[in-house]
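Given below, in the form of structure tokens, are the structures.
Both complexes shown next keep subunit A, but they swap its partner, so subunit B is in the first and subunit C is in the second.
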Partner chain A sequence: MPLIEAPVSLKGKSQMKQRRNLTISQFFDKHFVTITIAPFVIAIAAACVVPLVMVFIESLFVDRPGEFFFVGFKNFLDISTDRAFHADLLRTIEYSGLSSLFSFVIGLAMAMVLNQSIRGRGFFRVWALYPWAVPPVVAGFIFKWFFNEVYGAGNDLLIRIGIGGVNWLSQPDIAMVLLIACDTWVRIPFVLIILLAGLQTIPKVLYEAAEIDGASPVRLFRHITIPYLIAPIRVAMLVVTMFSFRMMDIMMILTGGGPGRATHLFAAYIYKQGFRFLHFGRSAAASVIMIFATLLIVAAYNIFLKPRVKESR
Partner chain B sequence: MKSRKKNLLKSRSAYAAILLFLIITNLPIYWMYITSFKTQEEVYGNPTWVPKSFTMQNYKEVLSAQQGRNFTFYLRNSLGISSIVTAIMLVLGTTSAYAFSHFRFRGSGLLLFLIIASRIIPPISLIIPYFKISETLHLRDTWFALIWVNVYLYLPFAVWLLKEFFDTVPAELPESARVDGCTNAQAFVRVVLPNSLPGIASAAILVFLLSWNHFLFPLVLTSTEKARTIPVGVYDYVGDYFVNWGNMAAAGVIASMPALIFLILFSRWLISGLLSGALKE
Partner chain C sequence: MKKTIIFILFVVILLGGNIYAGGKQEKKAEAAELSFQDLMAKLAWEENAVERLTAPKWQPPKGWEFIADKVSEISVINSGSLSGDPATEVTAKRFEEVTGIKVKFIVVPSAASVRRGTTILMSKSKEADVVYVKLYILKDWERAGWIEEIDFMYRPDPDVPQLYTDANTNASKYKGHWYATPWMARYGELLYRKDLLKEAGLAEPPRTWQELVDYGKKLTTSDKWGFGFYTGDVYPLGFSINLHSLLYSAGITPDDIIDERGIPHYDFPVAVKALEFMTRCVQDYKISPPAVTISSDTDTYEMFVAGKLAMSFQNTWVNGELREEWPLDKWAIAPIPVSGGWEGTPEGIVATKVDPRFYAINRYIDPYKKAAAALFMDCFRSYEAMKNQEVIEGNQALMPLVYKDPEVMEKIPYSDIIVSIGQRAYSALYNNGDAVVETLMEWGNKAITGKVSAQEALSEAQKAINDFFPKE
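Here is the complex of A and B:
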């Protein structure tokens, strides 16, 4: 920057300094929005946009140790004919679908119980949140250890009741059930907290008026509770489905994808293509499919769960 | 009288349902906690629900370097990375969220859309580019790489959350400060920030907790203990030929310390952050 004329006297110097200070802070003030937004934009560009563009480009290349060349959509073709991928995808749909369903039903039921005017609600709310707050990896460990076949508490309980122990992790179907149970266990608190907040926005007068008119509890639920809850349900369940669709942490520690491939999920497919088989191009192609699948989930929620009572709020 | 009886019954069954729910959901966690304080013999004996022994041996073993695992190191990394990420969020997040909330400017709609869109991208989809970038720039096993990833993961989330909180601060507050001769920055620091401390606190707590709990990128971007975080350390036990469950439980307890501390001390802020992050989408 070109310097402004050198000041002659000392007095002038200090005046000058003051004026320059003023201009800097004026400059800052004038461009306040630019200065606050620019670092954010740069950070997002560097941390989000660049990797996103890279993954799309990478998906069109064969990228293995010592090999790197353009193949167009061949990676996608390879994946689409990969039986293991089909199985993983179907399993992931089953996993995230069932986990969403169970966490929705249980979360809504518990939110409705907690919505009654009872003492100690704050306390309950906090302890209900615990499974959500522990790291997912630890959640997987907690289930793995609780349902340990020999030393675990789960089988101890079953034996005490008289049912007898179960080989939780060595039978394909039961391992899948356990995996879904663990995911549901992690998701319920989130659903519960958000639906509870949603329930608390419903005016009590509505229920009272309807009760005077002789409406049954089922009708109250169908015609007051559900319409009011559509918006929170959409948000909470979208997050739950999205997150369980991309889940890998719990699976890695709880079942490791086994026995065999019985609990192997989509995200682990991406991970293993990249870091076990060192097939980065194919892993990137699977990543791109994962992105579009997530967009489909978002679209589905926005189409099928449109808010209905927006105008009455 | 009759309805009172009905109410009592109703609230009793409500309490029973809640109690049952809490017991079932917290029982596995309880099992991890007591396991971490049991002696080796008790862990590998008949399952006991009330521990007969009490020992800190598992914690001692976990926190001293063993089998190439050094949890003191992991603990330091987790604490350091999560704190720095939270600090960056606080500086970058609050200022840009304030700009989004109280100013209209060209491209603000597009940028807000980008914030939401970036929350939709699955992190697993970006492991390949992040791996390649950090390989080329020699950033594997550094704090820098993990902090940078966390910016992608949680900066948009934090901005979204903080914007919701700043939206509740009336525009008259900074405006009157401006009339009194404050600059925009002064108005923000002196008037807006003090009025949105709860919101900022809940954003900070959530970001800290989520970046502490995060597993995927530390797994991909670390190969030595130099920058490895606690969740990866816990996962590491699974590969052992003989899994030491007592040690693993202690590691799990250490990994879920922030969860416990935040739930006990700051649950209100945690919940309000959760809600405003999700409800107003």
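Here is the complex of A and C:
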């Protein structure tokens, strides 16, 4: 018996060892991607989540030079009664709404034109992306110099043709229009490229069939183009609106928020509460409000721009 | 097998990186054995302090050598590109030659230099050993305890503070202690186009606000403005600068502005008149461009150079630019005109604002680094450094003695006027300076653009300013 049993036991051990080896090897094979990516996913999550949590904690404290103490939601209450905050928030909604709308309308129109078989299409497609290559700060400077009231090219042209100069940036309403124009100019290429890609995925046979049935161009646009473009529109508009809502760089360069406070935006409110007024707790509270406002924008787009065309493969 | 090796390598790299970083941290922590103040007590700050600081060539205080044994380099925040600060570069080279300690400048755009300091200090970062400080933030940094006390640089010899203008000695003190050293200043002045005034039959610059208006009317034509100033929300936040220049020229002093609790007040009658003056120059007299509300000193300087502006309130830094480019028969400077009883204001006096620039020591760095930083600051507050600032770069010296230097008198146009301007130059110092300046700018520009009256603007601004300070 023992003579027979011994080899079985040895065999069993060897099999177990082999199985264990196989298990480790199999484990790596099975989870290799997860194991190697996990540290980076954790690091990225930490880089996003930790600051988010810290901002929220900071928002519950008075944090000024020489002062640091817990105040609960007082910073939020203070902000809610701050007239400057209300004005900046409303102005930002107006600004980002108009800027996104114009970016969309112009971007869509350009995408439709550049989707046609026109001469020099390649050149125009590349050239249309030019504003995207310009950093927003530089775009701000371009507009600032062009519309400078005393020595800018804009007024120079107007004076040469006999119209006379305009106080572009020192008139509150005109300054806001220019700010929206500059932001729109920077963002159109992004909308254009997304929508152009979307347009190219629409099967041509749909248009051909509809034309044979006698559909007008408006009906083609309404019943074929738009339903197929909903998903790209949602992506483009979501990104453009979020970026406009959080924009500060163009404003700081072009108008500095002025004249007075006529073009002052929400992101600048957060920045100034922190780095000019040194009221870091209040700045953090305003940041928390901005995070929620951004999430609201995302939710709104997801609710109102649901894809209408089901993908079929 | 390959994947197992890759995984093991991956883990080794991650762990190795962490261990290496941890080791570096420990090494740094070991360095601190003596406090900064202990180290500074080893230096003979009191010995020939005045002679040493006012000598043509800077010498560090005796006993400094042990610092150079421990520190090979210090980092300093510089406002703007070094190519625009040749005097800073020359003085830093001199410091390196004398001490052997290298200076690494952290170049930050001018508009962001102070904010960068704030982020470094509030995060207790060791990124910069010496931080660049402007007037409006200095009190907040001192109050926060973010910068080191440097009484040893001033106290041992009571004549040392006397070397500098009052504006500096007041500015760099908080609750009886010193925290910063000056290295240059900018005064408010009236810059004017001599050639354009001559064409209009005006031989002398205006001396009162009313003359400024009269001259402005004569000089304003379809293609140029008679008088300019700058109040935009762009660096260096000019509304406050111009308002203060007008207030001081109306006989107001910082003591009239700041109450016993340290809160500034701007809703008093003379301040309202000063804002009314700026508003009327744009709205009624139409001698100033509406663009003042979005302009900085650089914008008005460019307008001036382009011949679009005949007279302008300016910072004295532009003199350095102009003296390189233009002959003296085209431009000149004068003190800010006095109020002279304009619309019921007092008679006023020749006075202006001063905007000194300071260096301070990051409180969160190693004591030896702090000691090296103190040596650097000592070099930059010296006669040699301040002369460099004036001669090489056109920045003004806070050490009046510099203007008696024959080379300065010869090379610097209108140095006598600069000295007379500097004799009564004030700076209003309070906490929350940046917030106050921002608030004044916002409401001041609302008045200048005609949205509210000057009285209403300053009353609203004052309400907001009061909220920045504790109630008791």
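In this section, the second predicted complex is superposed on the first by the 266 of 313 C-alpha atoms of A that agree within 3 Å, B and C clash if a C-alpha of one lies under 4 Å from a C-alpha of the other, contacts with A are read in each partner's own complex, and residues count from 1 in each chain.
The rule is simple: a residue touches a chain if its C-beta (ideal position, glycine included) is under 8 Å from a C-beta of that chain, and two chains touch if they have at least 3 such contacts.
What you are looking at is a predicted structure, and each value in this text was computed from that prediction instead of being measured.
Student: Looking at the superposed three-chain arrangement on subunit A, would you call subunit B and subunit C a clash or a fit?
Tutor: clash
Student: Contact-wise, after the overlay, does A:36 reach subunit B, subunit C, both or neither (first, second, both, neither)?
Tutor: In the superposed model, A:36 contacts both subunit B and subunit C.
Student: Considering only the touch criterion stated at the top, classify A:167 as touching first (subunit B), second (subunit C), both, or neither.
Tutor: second
Student: Tell me which of subunit B and subunit C touches more residues of subunit A.
Tutor: B
Student: Per the contact definition in the header, classify A:46: touching subunit B only (first), subunit C only (second), both, or neither.
Tutor: first
Student: Using the superposition on chain A described above, determine whether A:25 touches subunit B (first), subunit C (second), both, or neither.
Tutor: It touches subunit B and subunit C both.
Student: One more residue to check, A:65. First (subunit B), second (subunit C), both or neither?
Tutor: Touch partner of A:65: subunit C, not subunit B.
Student: Looking at A:113 after the superposition, I want to know if it touches subunit B, subunit C, both of them or none. Which is it: first, second, both, neither?
Tutor: The first partner, subunit B, only.
Student: Does subunit B (first) or subunit C (second) touch A:261, or do both, or does neither?
Tutor: The answer is second: A:261 touches subunit C but not subunit B.
Student: What is the contact status of A:232 with respect to subunit B (first) and subunit C (second): first, second, both, or neither?
Tutor: Only subunit B; A:232 stays clear of subunit C.
Student: Now for A:276: first (subunit B), second (subunit C), both, or neither, which partner does it touch?
Tutor: It touches subunit C, and subunit B stays clear.
Student: Which one of 219-227, 255-263 or 273-281 is the stretch of subunit B that crashes into subunit C?
Tutor: With the two structures superposed, the offending stretch of subunit B is 219-227.
Student: Is there a shared patch on subunit A that both subunit B and subunit C touch, and which residues make it up?
Tutor: 25, 28-29, 32, 36, 39, 148, 151, 256, 275, 280
Student: Quick one: in the complex, what on subunit B touches subunit A?
Tutor: 10-11, 14-15, 17-18, 21-22, 25-29, 31-32, 35, 43-47, 49, 92, 95-96, 98-100, 103, 105, 111, 114-115, 118, 120-133, 148-149, 151-152, 155-156, 159, 183-185, 209, 212-216, 220, 230-232, 234-235, 238, 245, 248-249, 252, 255-256, 258-260, 262-264, 267, 270-271, 274-275, 278-279, 281
Student: What residues of subunit A sit close enough to touch subunit B in their complex?
Tutor: Residue list for subunit A touching subunit B: 25, 28-29, 32-33, 36-37, 39-41, 43-44, 46-48, 50-52, 54-55, 58, 110, 113-114, 116, 118, 122, 124-131, 133-138, 141-143, 145-146, 148, 151-153, 155-156, 185, 188-190, 193-194, 197-198, 231-232, 235-236, 239, 242, 245-246, 248-249, 252-253, 256, 267, 270-271, 274-275, 280, 283-284, 287-288, 290-291, 294-295, 298.
Student: Which residues of subunit C touch subunit A once you look at their complex with the stated criterion?
Tutor: 1, 3-4, 6-7, 10, 14, 115, 118-119, 122, 140-141, 143-146, 225, 232-234, 289-294, 299, 302-303, 306, 308-309, 431-432, 434-435, 438, 441-443, 445-446, 448-449, 451, 468
Student: Please output the residues of subunit A touching subunit C within their complex, sorted ascending.
Tutor: Subunit A reaches subunit C through residues 24-25, 28-29, 32, 35-36, 39, 65-66, 148-151, 167, 169-172, 175, 255-261, 272, 275-280.
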